[in-house]
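Both complexes below contain chain A, partnered by chain B and then by chain C.
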Partner chain A sequence: MLALTFETFRQLTVDGFFRGCSYGLLGVGFALILGVTGRFHFAYGFLYTLAAYLAFTFAFRVNWPFWLSAAIGVVLASVGGSLIEARVYRPLARNAGPTALLAVFVAALGIGIAGENAIRLLWGANTQSFYGPTKEPYTVWDAIFINFDVWQAASGITITLALAAMLRYTALGRRIKATRANPDLARTIGIDSDRVYVIVFFLGTFCASVAAIWYALKYTVDPAMGTLPVTYAFVTAFLGGTQRSPIRVFSMGIVVALIEQYSSIWLEVRYTQTAVFVVLVLYLTYLAIKSSAWTARFSRPRIARA
Partner chain B sequence: MDRDGTEIVHEGRITRRRMLFGTAGALSAAVLLAACGGDDDDDAGSNDTDAAAGSEGTSGASTATGGSAATGGSAAPGGAAPTGDLAALLGIDPASAGAGKTIELGAVLALTGTGSYYGKTMTRGLDLGAKHIAELGGPTFKYTYLDHKSGDAAAGVQAMQELISKGIQMKFASYGDNIGSMLTQTEEGKVFTLDGGGGTGIFAQGKPFFWGTRAITPNDTLPGVFQWFKENYPDKKTVGVMGWDAGEEINAVGKEDTLAKIADAGLEFNGLYELVPIGGQDFSQVIPKIKSNEPDLLLCGHYGQDPGSFADQASTAGLTAVKMSFEFTPDGVNASKGAYDRDGYLFSYDYFDPKSQKSPLSVKFIEDFNAEYGEDPDFYAANFYENAFVMWECMRRIWSKDPEAETTGEAMDAALQEDLTVVSVYGGDESTLGTYTLDPKTHSVTKRLMGVFEYKGGETTPLAFFNIGGADYEAVS
Partner chain C sequence: MSLWINYFVQILLYGALALSLNLLLGYAGQVSVAHAAFGAIGGYTMAYTSLEHGWNFLLGTLLGMAIAFVLGTLVALPALKLSVEYLILLTLGVSSVILGLLVAYPSFGGTYGLISLPAPNLFGWHLRRPEDWVLPALVAVAIVYVICHRIGESPMGRVLKGLREDPVATSALGKNVFAYKVSIFGLTSALAAFAGAMLAAWLRLATPGVYGFAFSLTIVAMVIFGGIGNLAGTMLGATIVVLLEPVLRRVIKIEAAKASFVQLIIYGVALAVLMRLRPQGALPEGFSLWRWLRGDRAPKTRVEMTAEWVPTIVQQTTDRPDTDLPVAVQERHERTWHEAPVVLRTTGVSKRFGGIVAASELEIELRKGTITALVGPNGAGKTTVFNLLTGAIVPDTGSILLNGEELVGLDPHQVARKGMVRTFQDVRLFNRLTCLQNVMLAVQHQPGETFTALAVPNGRVKQAEAETKAKALDWLRFVGMAEFADIPAAALSYGQTKLMSLARVLATEADVLLLDEPASGIDTKWVDTMLELIEQVRDQGRTVCVVEHNLHVVGRLADHTYFMELGQITAQGTIAELTNTPRLAEVYFGT
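Presenting the complex of A and B:
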């Protein structure tokens, strides 16, 4: 049995929190898109990768300042998300009719795979170093982390709070929520659902793109970097609830990361991703039991009372 | 008709929009391409590549057919060793060299996916090998490149079906014949296979028609590594392991062998044996565990960019163990974000050091590779280049008995087994070619030059050289 110190626990907790901020931001964007539009946007991972590559290109090939390059990468990838909705998903969904969900899913999968390979063709298959501001380590509570971790957490929390406030207090937020509740009904009261979808895709991809920049700064840029994030985005969004507040989804990202981190205490590291999916399966089972006829029998009297 | 009329109007409207978007798309693509620059001249994804020199218009087939005359060779395109000398060193008999023949070979490699870097460098080695073989009076090698998608078992099986259906009975492979998934078809289809990427590993030894032409990594290197460690750190004893999760069966045999070798070396396993997912860049779960159980020597059995990411994070976390990895790639250097250059990066395997190669074949390979691709070849390019020559050597053995004989998988396998010491771009000197030797039982290498190296500040320095099992150990002063 390997030794486990309290220092290990603290380090796992701190790393889990920062990693969770990334999962949370990815989950917030994915939940927003899935919750409002119903599109299973598998190309999310490709746009995540694209944001990092565009930032890399402007910073190291065009030699523009790092922060400007990062901002351009994020905005262009977000526009790419909107274009995919407007030019691919929407026409497909309209033509596919009742099979729209499957058609969009297959198209998203195709864009994801083709996009990843297009990145390989354009930029090469090699890993690319992505340098920005100087990395600075800090030690707090005997746990080591770096300045990029702090900035990632700060940006994730800020974006999530801003998104939550926008949904709650602005006219656009109300339009998004109305479309999320019932797009057809929203149309009858004059809300342009198509436009809302495009905006939602922009905002969702924006979240992923910001997460991608931090990932690239902390690690590196490679064509397959978007594969795993889309999985975590899905898990976080699903556990957090696609119809729920971004704050709840973001928090769920931290929970998912902490589950992953703490499971490494008892499990080998190779099984920690599995632990997350075990939690997902347990949650799904719980939902199934909750909505089953057996549990409904117990809730009927309360309905009757109501 | 109304319906037709409607369609025409509809199509016209879409066409204008499409034109607008098409123009915008083209402009964006132009900007993007300009921004990307000419980073990648990747042609790895192409299929059915006729890789012989004929397409170069250098009439390679006639350049050096005389072969044996030491003075007869004209200079190779890259200005390397004269091909006449080389032909003599390779023992080429024009009668059995195969000039004028076209030979179909398969190559099932990682052309897409996380390991596509490997696929690219391997195809470069194969293409250059085919070009040089044609220049030396050999046949035209026509490759069918197929993709196993960086370790996808289903893709590997599908590729094998395609090769077998085309009647191709010779192939190059990587990833230990795609981590074992293609071995059954290799045997049943009698497809003679040389794997210079993954070798046999421990799990694929002795499989019919399958030959691993590189050392088993990391296990073959471990005795030499431990000897180097004991010499340089005489007061340190404990060893821990972190490596890729390659599947239960492979993990189990790898662990058993590693622990046995630690014990044989008189070192002490400290209980740390952590396996991590392939291709992961975030080591925040494993580093705290290592830190709590830090050994004196940490064996890092992971590859590609992963060691680079790990080195960067281990440096930040303040790990003090001597870290020994088993691969050195540009991806790792990039992912290390300066950690390799700053702290140094130790690695051990059958690394191809372009600076220390002297044999005429190696020099020609390195110079022409540089001329063709603008960079030094790495060990994957070297392994696949030399394996193209091994294929040719087997063919020549067949044709020396009957110039019209078919190069079937069975015939190639028998031809190889006639003499299991074959040509290599590793080792040798100015007047002799390097060789490596295969084992008739394990089908893995029994003799292959390897060593411990350190990369630091942009330079790679050999620290010790040895052979499999630590034989012929020699520290570099």
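Presenting the complex of A and C:
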């Protein structure tokens, strides 16, 4: 199993990079939402699936041009994200007060599972194939990839850089960062944090929806397609840091995908997914140990006797 | 008929798993999404040992419980310091690892799982027909219910609720938050494994699908629908959730293929709607079906509160003239302070956070039966002193001796047990507990807070609980809040919460009380009440240290005053001496 050729290594690296662009984009969107609003948005995966299904419907049921349909799917799903915030999470959080996080988490879980099954009911439980532009393979550096991979990477990097620039240089970006740092304080200086939350949900869902279109093009669409990506989004967002720059989170997506790819060198393929979660659990354990109460447990202060 | 028997058994076994989740989520407030995965550990261990090694299913169940207990304990170790969102993520990760390994490991049958298990043999009785399962399932759920009820509705349950509401405050009252969190995780994981194994024995299979994400959601739905923190509610929730499927199929006549989707849509929407309209679930915490049936229907949740309400004790004290104390009294204060024996002494206590010096070479003495005040401008580090004294922050250097015993290096709960407790500037009451429960939680040495005492039927626990209640009521009466005993703390006004927090530290019967701004932010007409109470506490021979801004308060209470600036003690003496020092007057007193 350790018979690793340089060729395999290159292919794994290239695969990991492209896959990582998808994880990265998902993570950027989720980190933005969780970092700014504090909502544990489990319905993220449902909106991911919804974007792909809407694009599918306009392209293959209404027969509109593919790229137009994809754009409509992405925008509608993003609006859906904003609506969930405005109509479900916000009133819920107001009502629940200190237990808002749990209430939002449970409601999001509910919306996620209801949405996924509504898709099954409306579009059928089966996998649907998704034909867009023609698939073209490339071979560079002896590794094979396709045009969708390139577009996915390009769009992921573009969106991430645009988000980072927006956060840094625009008035909206400053409002978002102020809300992220302290929503109550932001409100007192005249920032409408409700509006910021809605915008953040739109932007976050936009990231997920774009990733969903590339996934659908590369593979197929099915009602459960959001389950795994949402988990990767969580992992990437937390490892990257939900309060950190989108660029850092995006890079973490690539790291996660590379860990997953490289672990197949030592592990059988069926264990590689688990490997990512092992890394996650170890990281969280490390965080816990790093925090003060634990370190204090292991390093007693020297006592100066008078 | 046998179909309905199957639904009945399903309600019981799902209910057993949901009960243990409720103990963890509802009582202890630990949001875990790994519960179904611990159920899977029980199910797979039982299935594997009975298929491959011919073990009796009970033996396999026990092994599964042991494995789940160990794993659950290990998961809880890092969970100690993690906030809720990290805990959700951690349990999600653990759940994915467990389920991922079960699917990936070849001996566990991959995605097909372990199927065609032999009929379980219960002491020679082979459970083959659906009706055979009614009694064993009833016994199984009864065991889980009794354990969860015994723990949840005991003094230990009260500590768990404290953990849920505010771990810092719970720890400051002398409860070992770490040990409780770890053991409740371990215990509920083992119970989940037990229920999971029973489920596998009943289905005669253990597959990834049985314990998958939909199952996990179903269990959460049961707990939420029924009511978080209410065990009877969980069984009600299990009944609703399980019976939804046949009702949809038979009564509304939705075709079988679609019924399961519609069922999940209903769960999902209902969860979201319920969180909005009735977050407490069908049966709220503290609601007892038994009491309700006996006609005791309206537990008092609100005292008629008028704007004029003042604590009962005020009526006895308001005739006292409200003037500054004459200088002669202050000198007497100072004399008694110097004569009183030292209870607490800090030497050279320092703490830096990066480049910021939070405390530098602190030399503080607290003396028996006196009140010491700590004054100084905002940001001087007064609250940091309390954090250092109580172990919430570990000093870089120095020593803190309480009655000659070193406190440095002890955890907050250990410091509290040595007899020094604090209040918090932001009060930190347990909002969803009643006032009485808030104070009862503070009482020390309750036998009902240990697993060993709860393990057997124990008259001592019951008797001690009655004594605890009586003590707590006494302290509520002392601060004039007895009529609020059954009111949740969240309903109190700010001034009332301050009185409650005093009652809470008094109930610990600690000798040294550290009071963080006891009179700030409360109505002026209550200030005297509060001061009167603190003086009474001092006269009982307890040692008090107050952090306070209000000079009227300090002037009346303090036998000795320390002045703090930028983490250092820069002056001490009577308040009169301090206010007469021109430099200090300029820095702080602003005259």
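Definition applied: the second predicted complex is superposed on the first by the 289 of 306 C-alpha atoms of A that agree within 3 Å, B and C clash if a C-alpha of one lies under 4 Å from a C-alpha of the other, contacts with A are read in each partner's own complex, and residues count from 1 in each chain.
Keep in mind that, in the parts below, a residue touches a chain if its C-beta (ideal position, glycine included) is under 8 Å from a C-beta of that chain, and two chains touch if they have at least 3 such contacts.
Treat the numbers as computed from the prediction; the structure is a model and nothing was measured.
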item: Room on chain A for both chain B and chain C (clash or fit); value: clash
item: Which superposed partner A:V88 touches (first chain B, second chain C, both, neither); value: second
item: Which of chain B and chain C A:L280 touches, first, second, both or neither; value: second
item: Chain B versus chain C as contact partner of A:P137, first or second or both or neither; value: first
item: Which superposed partner A:Y197 touches (first chain B, second chain C, both, neither); value: neither
item: Which superposed partner A:F250 touches (first chain B, second chain C, both, neither); value: neither
item: First (chain B), second (chain C), both or neither touched by A:F17; value: neither
item: Partner, of chain C and chain B, that touches more residues belonging to chain A; value: C
item: Partner chain in contact with A:L109 - chain B first, chain C second, else both or neither; value: second
item: First, second, both or neither for A:R270, with chain B first and chain C second; value: both
item: Touching partner for A:Y44 - first (chain B), second (chain C), both, neither; value: neither
item: Residues of chain A that lie at the interface with chain B and also at the interface with chain C; value: 117, 120-121, 125, 268, 270, 273
item: Footprint of chain C on chain A - complex, ascending; value: 34, 38, 40, 88, 91-92, 95-96, 98-99, 101-107, 109-118, 120-121, 125, 227, 231, 234-235, 238, 268, 270-271, 273-274, 277-278, 280-281, 284-285, 287-289, 291-294, 296, 300-306
item: Touching residues (chain side chain B, partner chain A) in the complex; value: 21, 32-33, 35-37, 39-40, 42, 44-45, 112-114, 116-117, 119-120, 245, 271-272, 274-277, 279, 281-282, 284-289, 291-293, 304-305, 308-309, 312, 316-318, 330-331, 334-335, 337
item: Interface residues, chain C side, partner chain A - complex; value: 31, 77-82, 84-86, 88-90, 92-94, 96-97, 100-101, 103-104, 213-214, 217, 220-221, 224, 258, 261-262, 264-272, 275-276, 279, 347-348, 394-399, 406, 408-409, 431
item: Of all residues in chain A, those that touch chain B in their complex; value: 1-5, 7-8, 11-12, 15-16, 19, 57-58, 61-62, 87, 117, 120-129, 131, 135, 137, 144, 146, 219-220, 222-225, 260-261, 264, 268-270, 272-273
